[in-house]
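Before any comments, here is the structure.
First chain written, first letter: the chains are A, B, C and D, and each begins at residue 1.
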């Protein structure tokens, strides 16, 4: 099988580095292009990306010359976008128009009517929007997006509970630093502290969830009729968003029934390379999940749940830059490939 | 005015030290006895209490010889109890029986029908239970208790909203390390981590709240008819519990009306030395309150609120070992004195 | 006595806020001008300085309109400078030329031959350089500087040991985050980590020390003949630089003699408002000093020492933005006033 | 090849768990016995060892029943000891007497004249002491020890510099929390703080180093004539001790010569399974090594050095519970096996 040639837009930042790390040994994808902003263009990747992962950057990738985020300069079939939202709006359209498949982690296109907002285990049928998108916009390529990191972790667990009739969700998050980017949170802001506001985060959780759990009628996605109320907070954790949820359901399931639903949840996507053995891992210990101990479960692609109590209340925790960002886009791209779109 | 002679039971621990710190210069109380467990008895307080407050331990207090927790050995009118719960059950009764007023931070007697569980600004009329208590038990003294730290911070804000008709409360806490005592949380447990379970904490918040907001009918307290659901978590913060709350109220007030209720809340207790200028401080900045910046507001006795949003959602934050523990007991004692009980 | 009118240049930053905090209630100085960069000019101080101290910003100061860093616009007798080094080089000269006394925390002028680099308890006689400075430069005003934060803490302790004949010093620092400014260290850089390089810090400690301990011959300062070797590191501490020192001395004193020298050190400056009761506090506990417990000793103006061992090895610790920055400049200004220069 | 049957004494603690993790897949060793204190005996390992490693405990190991630390109950050829020092003194002798090879991480026997204190890359010839030991003590088995974690990291780098004539060493450490055991450092002790004293740590670094670098004359080890002066400190880092060193050498090498010596250091032990590709990794970036980024280099068995400056000063950093504890014992055992002793 020929490997798909892929590039990364915004390759030098925190999420961009995660993309690179996940793509270096990917069985289906071959990393052929690293693109970033003007000040990095023409330089070696290892000189401009301050590599911070434990695993060393492979030297052949480090030697790559950084390209501009210009469809004419990037040689690839698909590009992953870790661009900032303002830039993504313009650039991703240019790539889609030029025939690229764009798998984007940026928020810019998530809520457009003709753009799929996807979690492969949750709403794969929303991929049908791509036809609408190409018809509407006249693009040869297309854009598929994944949700905000906090939303992905929550909605993956909600998907397992759909059968009980979701009615309302309240969620309080304790989010990791990496969600804000490497320079996003000053150490003086968070040491011995909690930050009680993350700009736009509550809004994203409250709107993206409705689209993700909505129904695709062949033309568009009808938002799910669920009420979502979020309170988002930052804590001194490197990676791994922890979320305390209250979920009201029509069928009023018991904690044990909820546990079974989590435990039995399987989207049957195990032919995708990045799909973990278990999408949702149920921890029965009373003090789990914990971000430091559980964030790397399933290669960072599993969501761990625990403390399922009357209410229904439970804790969900997942790796925000893997399952919640780069891995989410890669999984979307793998699904596209499996479906023959790529 | 003669100053009231007070002692501290469990004086060497974390909350015990807070008591000592608050009593050293108290205008009404004179610290006359420091009592602790067997291994400290007979030694100088400065040698057995590993003093950790920024403010130096006054040398005359440090020179005090530690007494046993024995009513026959403690010379005082009132004792503050920072004893562990198992010990408190027995010892506090002995002191009350021997004629002492016991102002206890321990959980042992909080939920007994004849023991007042008090926040002076919330339910001062519950002091009426003391007569019932003395009648029932035949004590010359009495026991008055304050709630768990997380409960105090929450309920102080709920008290301001009672006029709207409280119906249900959901609360997710991000609690400080000091709530578990000095040795309570290992550094390896919390660095780069969140702990998603605090033993008994959710239960305390859910039961104590109903008693605190209940009605005293002259004989007993009728629990308030409110539904409280808590999810309690520990984060890497030294002092200051942060709480994200959702409160449903019969009158469905707007965020602005809730803000006004917080802002206007005044229990009119300013003749008590430990009462802060404002019980509830409303922060209008979108990123406040924060534990590091706001925990010492009002000498640690104010509760700060912010981010009042539709829902009604808001953030409450207070100092867990001052307003939430030692200061709570001291304020109770001050109220007892004002009411002529002491 | 008329109070001296003082301004702060660079008033919105971390050290600038410390200056404001120290000057609000100063008995000799009256804060009459807050100056900052273009983007803050014309706005209220409370709107542009994100105030982060525990103590609330007094509202009358918060209402002040921020001025440009322009000698023509600032109405004051003395200005404290918390400007960045590149800007300070130009601006401080302009103020000095316009007749202002400039007490600067910036590094720009520290090592100029005609500029006093001062710690009042260490080398007050270096003030004599001001005459040289005014002669040379034709300024009506003048510039006096204080050393780098790490240097101040170390040299204050070395000053107490001069009588033993200082020969060489090796110092390993564990420096606080606030030394880098509020945005200086990303949380992702320091959580669960140590940073082993602080740009220019070792160089400053090695050169400034020689000037500080040097001899003023009426014309210039002859560097002390001491060898200083520094290794500087950043740790996850908010405030308070901890330093492990090895000091070789001609007279080879015992630890007990060194302890006595520290204990007896008194520069007799207690008529200066910011001078702490003890410049050097000796901690005899084997686990002190610690930054969290000891940084605010003497209002943040004392340096704490401990663990004096054979070698001679010891630990020195002080508050880096009070004793090591804003407080250092204020103390210099107080000395200038006492000497009649202001 | 038959695999060597090995046991772990003190298997439930922090270092014990590290042993288990390293032995589960070991190519030469088969884990046949988990022994621990009375309160764990007879219970399943997964129920008594609160497993905290990211990698899940293999279920077949978790199901093992914990044995007493009794030579009659442990079925193995070699035992690794993670026992506390007081217990190790008695128990390790019992095992050695009963014919076991004991590879101990405890400090109890390190400084005995007839016990090898070993780092395979540094002083493999000290194994000769085992004959002396068996002659003297009449044991069928034997005890071999590895140094304290801080000492190992330092001495591994010093070994590379022996050719220059080591004269004196000064070292300031910034040590990780895991070095004190899981419950060793309370979170309230270290958050926003540095601890300036680690009991016995400086003494260990100063004495163990002399034995490690000493010469074995066939009968005993003659201490190296080097002066070592240590100042040991604890910082808020999970794993990875960072050390700032000053090393004086007879030949006065340049930083570049020192760098070459580090870079070229190879003990030629690559037939040992736990030997990393590079014992010493030289980092040329000005801000490396850092514990979070570099502690897992070489599977946690490499020591990283950087910032080699005039002085000679440099930074050494290594994983304290792998290279500095469990991995050190395992490497010793591998060397014993290679030498035919096991």
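In the analysis below, contacts are C-beta pairs under 8 Å (C-beta built on N, C-alpha and C of every residue); 3 or more make two chains touch, one makes a residue touch a chain.
A quick note: this is a predicted structure, and the numbers were derived from the prediction, not measured.
Visitor: With chain centres set to the mean of the C-alpha atoms, which chain is at the far end from subunit D?
Guide: B
Visitor: Once you count every C-beta pair in contact for both, which comes out on top, C-D or A-C?
Guide: Between the two chain pairs, C-D has more contacting C-beta pairs.
Visitor: Measuring from the mean C-alpha position of subunit A to the mean C-alpha position of subunit C, what distance in angstrom results?
Guide: Measuring from centre to centre gives 47 Å for this pair.
Visitor: Once you find the CA centre of subunit C and the CA centre of subunit D, what distance in Å lies between them?
Guide: 43
Visitor: Of all residues in subunit A, which are in touch with two or more distinct other chains?
Guide: 52, 191-192, 236, 238, 293
Visitor: Please name which positions on subunit D make contact with subunit C in the complex.
Guide: 170, 172, 174, 191-197, 229, 231, 233, 235-238, 242, 244, 246, 286-293, 306-307, 311, 313, 315, 317
Visitor: Where on subunit D does subunit A make contact in their complex?
Guide: So the residues of subunit D in touch with subunit A come to 52, 54, 191-192, 293, 296.
Visitor: Subunit D touches which residues of subunit B in the complex?
Guide: Residues in contact with subunit D: 14, 52, 177-178, 182-192, 236, 238.
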